[in-house]
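In the two complexes below, subunit A is the common chain; its partner is subunit B in one and subunit C in the other.
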Partner chain A sequence: MALTTAQTGLNRARRGVAPGGPGKPANRKSKLSSQTRKTFFWLLLPSIALVILINGYPLVYASIQATHNGSLLDTGEFVGLDNFATVLASEAFWKAARFTLVFTIVGVFGSWLLGLGLALLLRTKIPAGGTFKVLLLLPWVVPIVVSSTAWNWLVGTPDSLIPSIFRNLGLGTPLFLADPTLAAITVCIFKVWVSFPFMMMMTSAALASVDTTVYEAASMDGATRWQQFSQITLPLIARSTYISWILMTIFCVNDFPTIYLLTGGGPVDATTSLVVLAYRTVFQDFQTGPGVAIAFLMTITLVVISVILYRQIRKSSVE
Partner chain B sequence: MSAVLHAHPESGPAIGVAGTGKPNRALSEAGLRGRWWRFTAILAITAIMLVPIVVTVLLAFTPGPNSTATGLTFENISNVFSKTLAATWLQNSLVTTLSTVVVSVAVAAPAGYVLSRGRSKAVSGYSLLLFVMQSLPIITSVVPLFILFAGMGLVDNLMGLTIIYVGSTMTVATWMMAAYFDSIPISLEEASWIDGCSVFGSFTKVVLRNSLPGVLSTAIFAFLLAWNDYLVAIVFLRSNEIFTLPMGVQSFFQQNQTDWSGVMALAVIMMLPPIIVFASLNKYFSVGGIGGSLAGR
Partner chain C sequence: MTIKSSVASTAFSRRGFLGFAAAAASAPLLAACGGGSASQSGGGSGVIKFWDMPWATPAYNDAAKKIAEGYAPASGNLKASYQTIQWANFYQTFSSAIASKTGPAVSTGGGFQAFQFEQQGQIAYADKVVDELKKNGQFNDFLPGVLEPFKTDKGYVAVPWQLDIRPLWYRKSLFDQAGVAVPTDWASLLEAGKKFKSMGAVGFATGSGAGNNIGNHLMIMMMLNNGGGVFTPTGELDVMNDRNVEAVEFLLELVSNGIIDPAAVSYTSDNLNAQWKNKKAAYGMLTLGVPERVGDTSGDLVVASPIAGPHGDKAALIFPNNIMMYTNTPSQASSEAFLVAYMGQLKQLWQQKLMNALPVFKSITELPEFTSDPNNVKIVKEYVPIAKTFAAQGTQLNANLAVLDGGQALNQFTQTILTGKTDAKSALQTFQSGLQSVLKK
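Moving on to the complex of A and B:
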């Protein structure tokens, strides 16, 4: 979803041209007439108003909430960083943080490996390759509410289809959503299933821009398939790979429906991620301060990870 | 499943022209075997990946446990409309989503134009602000917005939902528009300025008129975001008749005994619009979006 744009956003940021097209002579636009300036202001105003209302104001208010002991109805008293201390001292937070970490790592690299593999397969000549490419996008296009319903039907109870198959094969009856460890694994697999088409699209687009004559030269020089892949293909698509990792990390850490709709965070909180924990803390336990504090800590972590990967992008595009 | 049927007739003639890059290898015995191996692999993977979707469709058209019908039936679909508020939910989802799409494009297009053409500290600052805002988790803003909207009577209200959707599309939608406008040469506009056109005039008459792919990809983005959202809906919607489709689908699970025929029928209705949109407008989204920005590096 956000693929296109976050991509372009990064592109624009990387070029150091927030505004303005690439390579347009700067002096042409530097002397904006006051009339133009006024027009620009009015054209920008609705967007600014919305960003302030939906993004800016909540951020300011949330930082107030995070330092107060209020509820949904009342701001409460200023408590400094107490909420953060409470959260950081709670076992539930660290459990959720651990699960979020596992969920993100599996989600990012699982879907990347699968997407990369499929993109490489689909790049070769395969009968009906175009049809497969479209069909494989479906897990990503179908709304999560729909696919989680289907997954629930497939694995939800001991009598569901997949557990029945296991039973008939004499492998026992796995409780995919009731056993804590299995539930965590199931949620991660579900996330990979939802996300791999996105990675496949990103990688396919990157592969399409790789010049195929490079491979001919390489195979003439006696490079093996694996060498061609690891020393030519991967470095050439590195930038797009890092971008897709950043985006998928953001998607995974911020993900709510994939987890909540499949397991609700259970059993015994085994699949409670930080977002689910924040949601529950605010809307089920009515503790606004700690809930928002969790969201803040998440945000900070995300920004740090993005910055690290963003540096990698800059490095890879310099090379 | 249908891929199996198509495989044989299509594979025959394709072999002769295979391997444009490496002619020698493609014609060899090993190359042919490799192709069939790859085809089988991708067929198996696709079949496994589509199980949840096939299951949804099959259950939606299979008679339920209390039904007398045999074979495939539309009974579940008609039942879900007559026995639940499905029609209302569908209407709510359509109204919310379409309003989001229209307003998002209407607000993001002019903003994107300024980002693309304006060169000042303020404009670059705004662009950077958008970049920072977009990585923030929605959960952070949902709580304060809930409190704000509760005071304004916008909780449990489709207008409130739409405002949040438009707001959350804004960062990304503005960039998408800006990126597209970047590709429209400024010389086109300069010609119209010489003819006495104002900046606003050249934006609407010259730039917008040539930006259909950009507008469409922004619209698709806004459509998918609003249509699929669950987090904002679960926080802001309370009553049955205000539910959007995701909440409607979920409401089936609140009962003791899940009516699988009903929920799958509604699920099929819900997944159709995104599939239709994607199938018909796919090229604007992927080619204009990812492809373009990657190629332009």
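Moving on to the complex of A and C:
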């Protein structure tokens, strides 16, 4: 009986339904007059034109480059979808795609878990909480060139700090950036370290909006701390969470400097992501068409992932 | 009790979100297709725009700027302006500027950049400049063989102005401590390396981490040092020749014996410099000016003599850096006049000890400011005569060498060798396939 009461209370709290039942839904759409619509259109037109110019032109130019065999200076001959076929048939592309997937999954969920944990911790009253919060933001604030140099100093050579600690503990001397597997792991951890403050801030903001009386009500209904976390906290911050996942997915897939500055994509392409591969193909191998084709494929994938996650957001808001 | 989530649904439309997501997701596309920033005005602005790279410390660029902007043209010719272009994404910077007709009239740049832009019809040939150099005596002052690589069927693509070379260096105190002689050939390099390994030092230091191309250059240098090379004398791709296989087998032997540091594959330039500075590196191939680069000018870091391969071959890798002229110029005659005048003032840069490269003129190698460094003298005397370019066994430079120098195929090959998890023929085969797919026929 106590459990049923708690469950009902939790469901009600999660849906934002008061004990007296749901109120009358607000009329969200107001009808605009035809004249107002026209005014809005003309006011928005310069901005729309500017956005089309800024984003549209490079996209159109990129699509031209992706279907031609030219260079940065010369468009070259039209080759249809040959560049896409070449890229999709290349082992390097699929290797980079696999690493990008791993890097993104670890980057998104690793930073989210760490950020969530710290956000929950910071919600409790701890001494010097404000200072602690500022310090935790540093990895996000510090320029990536500086942090990658610092990480190289920590792990780059057998005499660096972290390998020295391992050696002194009798755990051998791991070559964090020279061993392909360890390099991939190191780059992923570096990404989590750089990204968790963003997740922490997003989650902190979402948690701050949750009314504490919900927890009081749930406690009175006998809900455990885990039930409160899993059935109140997580659902109530779900929209914010999905948004942060989408943003972090885009950040990870597009992340060039984190990888390039720490490993350059090596050793032996072990940490080459799609964006690094696109850069190297265009600017080191001077293969503009295939390089831009890689970027197009990335963009399409990102849009698809974003749409899927957006549907999750809608779903969570309906629930 | 009504609970309001701060994530208000009304503020978040589907269309708006998808627009944002698409814009963010298209970032890689924009990055891949976009050009670099080129804030210069057009080429027809009545001044010869000279773009120069940061070849040494900022003091170098200050001195070069002074020369360029101090140039007093003869009547009818235009004055020159000077701008430093950073190495980061330099090809992108040049390409976008040239495409938008805002590029330079004259520039230094990447070693093979002139050939890349020549392919695209953007380079003005320097034959008239060479004729002028013949008249003023500078032509005969060129060190042997430095101008020829720039001559094509259509004319001189550029004019060399400094030489970047890869000599072998050693730390004297470590050799004294180990009680071994400085290597003279591959066999003695192997033996000395084993001794250093037992001491905890590195017998053949190199690096191939982010932004470090020393490892790439070492691979090619060792092939050249064995009489091999990536191309035939006529410029055909020839990676799988026996001399290359032998050179790579030797490199793999150095790796398997720990003579090449197992972590070298990830060493950046800073990591490698630190290894030399911390007296862990005993011997290895580097650039000019290692004592200054590493921060140890005590005289303990010294240029070694070139080593001989197992068949007695000796070679060094050299990059003749050059000055090129572009077709987009307000006045071709003014570009040529400026270039001739600038070449005549180059010695100032060595007199002020600003250069971390060899000069192309004999007269500069004889300047007291240059000869005061015995390492410089040794490099000019022992390395320049045996130096070969990336084009070896050919001699003619071309645009494909830019792909070889900075491309993924060589870097992947180098890193494969430095990890030691391969055999010579497989690694070379993959290298050849990689090059075949990107080199223009």
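By definition in this document, the second predicted complex is superposed on the first by the 265 of 319 C-alpha atoms of A that agree within 3 Å, B and C clash if a C-alpha of one lies under 4 Å from a C-alpha of the other, contacts with A are read in each partner's own complex, and residues count from 1 in each chain.
By our rule, a contact is a pair of C-beta atoms (placed from the backbone, for glycine too) under 8 Å apart; a residue touches a chain by one contact, two chains touch by 3 or more.
As the structure is a prediction and not an experimental result, all values here were calculated from the model.
A.B. asks: Is A:Val192 in contact with subunit B, with subunit C, with both, or with neither (first, second, both, neither)?
C.D. replies: Neither partner.
A.B. asks: Is A:Ala217 touching anything from subunit B or subunit C once the two structures are fitted on A? First, second, both or neither.
C.D. replies: second
A.B. asks: So, A:Leu43: does it touch subunit B (first), subunit C (second), both, or neither?
C.D. replies: In the superposition, A:Leu43 contacts subunit B only.
A.B. asks: May I ask you to decide whether A:Phe286 touches subunit B, subunit C, both, or neither, giving the answer as first, second, both or neither?
C.D. replies: After superposition on chain A, A:Phe286 lies in contact with subunit C alone.
A.B. asks: Could you tell me if A:Val307 is touching subunit B, subunit C, both of them or neither one (first, second, both, neither)?
C.D. replies: second
A.B. asks: Of the two partners subunit B and subunit C, which one touches more residues belonging to subunit A?
C.D. replies: Counted on subunit A, the partner with more touching residues turns out to be B.
A.B. asks: In the superposed arrangement, which partner chain does A:Leu261 touch: subunit B (first), subunit C (second), both, or neither?
C.D. replies: A:Leu261 sits against subunit B and subunit C alike.
A.B. asks: Applying the touch criterion given at the start, work out whether A:Thr124 contacts subunit B, subunit C, both or neither, answering first, second, both or neither.
C.D. replies: The first partner, subunit B, only.
A.B. asks: First (subunit B), second (subunit C), both or neither: which does A:Tyr61 touch?
C.D. replies: Both partners, subunit B and subunit C.
A.B. asks: Thinking of the overlay built on chain A, is A:Ala96 touched by subunit B (first), by subunit C (second), by both, or by neither?
C.D. replies: After superposition on chain A, A:Ala96 lies in contact with neither partner.
A.B. asks: Which positions of subunit A sit in both the subunit B and the subunit C interface?
C.D. replies: 13, 17-19, 28, 55, 58-59, 61-62, 65, 72, 149, 152, 205-206, 208-209, 239-240, 250, 253-254, 256, 260-261, 275, 278-279, 282-283, 291-292, 295-296, 298-299, 302-303, 306, 317
A.B. asks: Please name which positions on subunit C make contact with subunit A in the complex.
C.D. replies: 1-7, 9-10, 12, 14, 17-18, 21-35, 89, 91-92, 95-96, 98-99, 116-117, 120, 122, 208-211, 261-268, 270-271, 274-275, 278, 280, 402-403, 406-409, 411-412, 415-416, 418-419, 438
A.B. asks: Applying the document's contact rule, which stretches of subunit A touch subunit C when the two form their complex?
C.D. replies: By the definition above, subunit A touches subunit C via 13, 16-19, 23, 28, 55, 58-59, 61-62, 65, 71-74, 92, 149, 152, 156-159, 175, 177-178, 180, 183, 205-206, 208-211, 213-214, 217, 236, 239-240, 246-247, 250, 253-254, 256, 260-264, 266-269, 274-275, 278-287, 291-292, 294-296, 298-299, 302-303, 306-307, 310, 313-314, 317.
A.B. asks: Spell out the part of subunit A that touches subunit B in their complex, as residue ranges.
C.D. replies: 1-9, 11-13, 17-22, 24, 26, 28-30, 32, 35-36, 39-40, 43-44, 46-48, 50-51, 53-59, 61-62, 65, 72, 118, 121-122, 124-129, 131-132, 134-139, 141-147, 149-154, 161, 193, 196, 201-202, 205-206, 208-209, 212, 215-216, 219, 239-240, 250, 253-254, 256-257, 260-261, 275, 278-279, 282-283, 288, 291-292, 295-296, 298-299, 302-303, 306, 317
A.B. asks: Going by the contact rule at the top, pick out the subunit B residues touching subunit A in the complex.
C.D. replies: So the residues of subunit B touching subunit A come out as 3, 6-7, 10-11, 14, 18-22, 26, 35, 38-39, 41-43, 45-46, 49-53, 55-56, 59, 106-108, 110-111, 113-120, 123-131, 133-148, 150, 163-164, 166-168, 170-176, 178-179, 181-183, 186, 198-200, 203, 217, 221, 224-225, 227-228, 230-231, 235, 245-246, 249-250, 253, 260, 263-264, 267-268, 270-271, 274-275, 278-279, 282, 285-286, 288-291, 293-297.
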